[in-house]
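You will see two complexes here that share subunit A, one where it goes with subunit B and one where it goes with subunit C.
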Partner chain A sequence: MGIPGRYVKEEELKRMAGVIEYKPTAKYAYSAGQALSVFLKGLREGKIVGRTCNSCRRIMVPPREFCEYCHSPAGEWVELPGTGRVETASVSYISARRAKLREPEVVAIIRLDAPGYRGDEPDFPGIFHRLCGVTEEEVKGGKVFGARVRPRWRPEGERRGSITDIECFERW
Partner chain B sequence: MRANVHVKDRVAIVGAGLTLFARRLLETPQELAWEAASRALDSAGLTLRDIDCVVIGSAVDAFDGVHMKGEYLADGAGGFSKPVIRVAVGGGTGVMVPITAWWHAASGLCKTVLAVGEEKMSHAYPHPQGVFAYIWHPILERPLGPNLIWIFALEMAKYMHECRVSKEDIALVSVKNKRNALDNPHAQAPANITVEDVLKSETLVWPVQLLDISPVSDGAAALVLARESVARKITDTPVWVEGVGFALDSSFWYNRDLSYPRYVEQAARMAYKMAGIERPWKEIDVAEPHDPFDYKELHNLEGLMLARRCEAPKLLREGYFERSGELPVSPSGGLLGMGNPIAASGVMKTAELFWQLRYEAGARQVKKSLHKAVANSWGDLMQAGTVIVLSR
Partner chain C sequence: MNKRGSHGEVAHVEGEMEVEKYVYPPGTLGERVAEALLEGKLLGIKCGNDLLVPARPYCPDYGRGELVEVQGPWTVESYTIIYKDMRGERLKEPQVIALLKPEGAQGGLIHYLKAEKVFVGLKARPVFKPREERRGVLSDILYFIPVE
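Up next, the complex of A and B:
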């Protein structure tokens, strides 16, 4: 008995009967929810706000309405300085659809500075964003790990209450 | 079965079957599911009439653009007029399929279960990377235009930095697994390559290069499971499911240290406890950890407690994980060598252990005495761990 399954080349597939192309058109209007609405409003004002868990006292950025560890309601809001350190970074040469990028992009997880945190906890308030002013070599050589960074805000009039109100994080 | 679970019946795997894994197959998803399911039934000497329940795994609806993948696959998977369930935990789906089949039988609900994993990634056009966009948080992440490889690159970079691991060390996984796949007739990407080849391949998102990743794939894999009294009538060499474990971490993947997969450890501890395994690094004879990326094999080996934290690269370098080594790892060729049709891949890994434990793996057979084996799969936003422990 042979192994079931017949491999076909892309050109071969296109000549075959019954091949159709279809592109779904789905549109959404997402609500940000109770907690994220406040966070996004903060971004518009050039602030990063987090929220404390009433039970385990951790600070959550992005803020949530409840702490998923304790499953208890979140408590007071805290404004963070916005500064932090690069937890990890990578350099992308491809787009979301896997096309080649003309200029590579550096992306990172930022471990945010927050009261009560030493900086080596396994769980931390953090943001996923781009880094600017960092070269490919600095990422590849590991130099950027642990670097101190701060948000580069878009000009006030251009902020829309979006994660992109922060243009990127930059070293200082 | 020990301590942490009450089971009505011990459960064994009694049959397994695979299709070819390839970038673009002519067969529809239903046809692939049917082929794999038929192979598994044949290998057990059973027909669909002997099957009580059907478990289907398929990870991503958007690959097919059909939002009822369970029902869509059920006809091919043998689900007509039977109790059917579909499970999905992203990349963790593969091993979740035999886990789910196990509890269907262990609970006493079904005497026999047909378990089928299928994925056809190639018909997402022009590249399935486009539909991966729907895994992202729509407000916090999608506006940044991420591709899925970004986050794994961030995890790989963190692991390398924290454990002082070089790209060369990690590339050895790809070299080993693609070479192991040369002995697997179902494999998509078998090759004799060198570390140099990996390091020279196209950089997608540093540190991830083309040969660090398993290829886009189509394929299906199936298993037949049965409760002990039935299993003993079907075969003289049943392979027992000794333990299962699964755990999920938070979806906020940038709020935790990515250098170690703690949810894989949680799942592994659950499975080992059930299997009565106290020192997995001594007791496990062969392993099939999830290797969609080469670093993931090392990461998962550490999460499965088969190596200490940051120790897996050193053991790899010393040949410990070769097919002829102390602890053979991914003797099937893994996903790097076999291809990665997501939900099918974890079922394939479980099937490989089934064949290894029965000494039926042919040219791939590990040449030492085998008693206990472990497989895992891993997925979603670096948060899902699924683990199965088998014994002969």
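Up next, the complex of A and C:
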């Protein structure tokens, strides 16, 4: 006894009764929550806001309501200068929707300057963002790693309380 | 929609995730059910003394069952009134969605119901689209209407 069923050619599928073709819509509504909302509001004002853990004293960016390491409530809010260093970077040749980009994009993890941090901690407040003014070769050759960068903010009227209120990070 | 939280306004983000189109063939048993729908018939599966609706490839207790046409009337087991479509858009007119069970069967179908007066226990029958518009899917049935 074989497996029930049979092979169906694509042409046949078009004529077959009972075939369902559907493209689902996956709309969502997401609440940013208590702490992340403060972060987003900060971006609209051109600020990067973090929050200190009362117990281990680390600074969390984006801020949270509690530290997931210590499970203790978060404490005071900290406004960071926004400057930092490129921790690691990568070149992307496709968009978020998988379309080929005309110009490759450089994305990076930025280690943000923060009070109490030396700059070599394995755990640090950081941000994942685009780099502008950096070439593909500089990334591939590793030259961009460690570069000093700062956020390039969009003009005040164009900010919407989103991570894209920062256009990119640029060298200075 | 934004609400106040412990540190001020709580931000709210709306978006849409990208999902690909899919094509779902009915399968071995589904094909026979689909072809019956083209003929304006609904099939169930006879498992011993039980009739299961909708039809499925196997009976829970008897192995393979026998496909049979479901005879009415259908009884409204439960219903609800909807005011918005799947995308959240307001409907022109509210619609009744009912769970309908054919006489002597286990299970049933969820479908539109058009009736002056809707109540649990109402006897109904399906109204099919014209033959040339049917595609072998459940939406070949436009809605159920009360049996006179």
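Just so we're on the same page, the second predicted complex is superposed on the first by the 150 of 172 C-alpha atoms of A that agree within 3 Å, B and C clash if a C-alpha of one lies under 4 Å from a C-alpha of the other, contacts with A are read in each partner's own complex, and residues count from 1 in each chain.
The rule is simple: a contact is a pair of C-beta atoms (placed from the backbone, for glycine too) under 8 Å apart; a residue touches a chain by one contact, two chains touch by 3 or more.
All of these numbers come straight from a predicted model, not from anything done at the bench.
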Should A:109 be classified as contacting the first partner (subunit B), the second (subunit C), both, or neither?
first
Can A:118 be said to touch subunit B (first), subunit C (second), both, or neither?
neither
After lining up the shared chain so the two structures overlap, which partner does A:71 touch, if you call subunit B first and subunit C second: first, second, both or neither?
neither
Look at A:13 in the shared chain and tell me whether it touches subunit B only, subunit C only, both, or neither; answer first, second, both or neither.
both
Touched partner set for A:3, first subunit B, second subunit C, both or neither:
first
Just checking: does A:34 make contact with subunit B only, subunit C only, both, or neither of them? Give me first, second, both or neither.
second
Which partner does A:87 contact after superposing on A: first (subunit B), second (subunit C), both, neither?
first
Look at the residues of subunit A and decide whether subunit B or subunit C touches more of them.
B
First (subunit B), second (subunit C), both or neither touched by A:25
second
On subunit A, what residues does subunit B touch that subunit C touches as well?
4-6, 8, 13, 16, 21-22, 24, 28, 30, 32, 36, 40, 97
What part of subunit A is in contact with subunit C in the complex they form?
4-6, 8, 13, 16-38, 40-41, 97, 161
Which residues of subunit A touch subunit B in their complex?
3-10, 13, 16, 21-22, 24, 28, 30, 32, 36, 40, 60-62, 68-69, 87-98, 107-109, 122-130, 136, 139-140, 142, 145, 162-164
Subunit B residues touching subunit A - in the complex, by the definition given at the top:
18-27, 32, 35-36, 39, 65, 125-127, 129-130, 133, 138-141, 143-147, 149-150, 153-158, 160-161, 185-186, 202-208, 218-219, 250, 252-258, 262
Name, in rising order, each residue of subunit C that touches subunit A in their complex.
1, 5-28, 30-31, 33-35, 37-38, 57, 86-88, 135-137
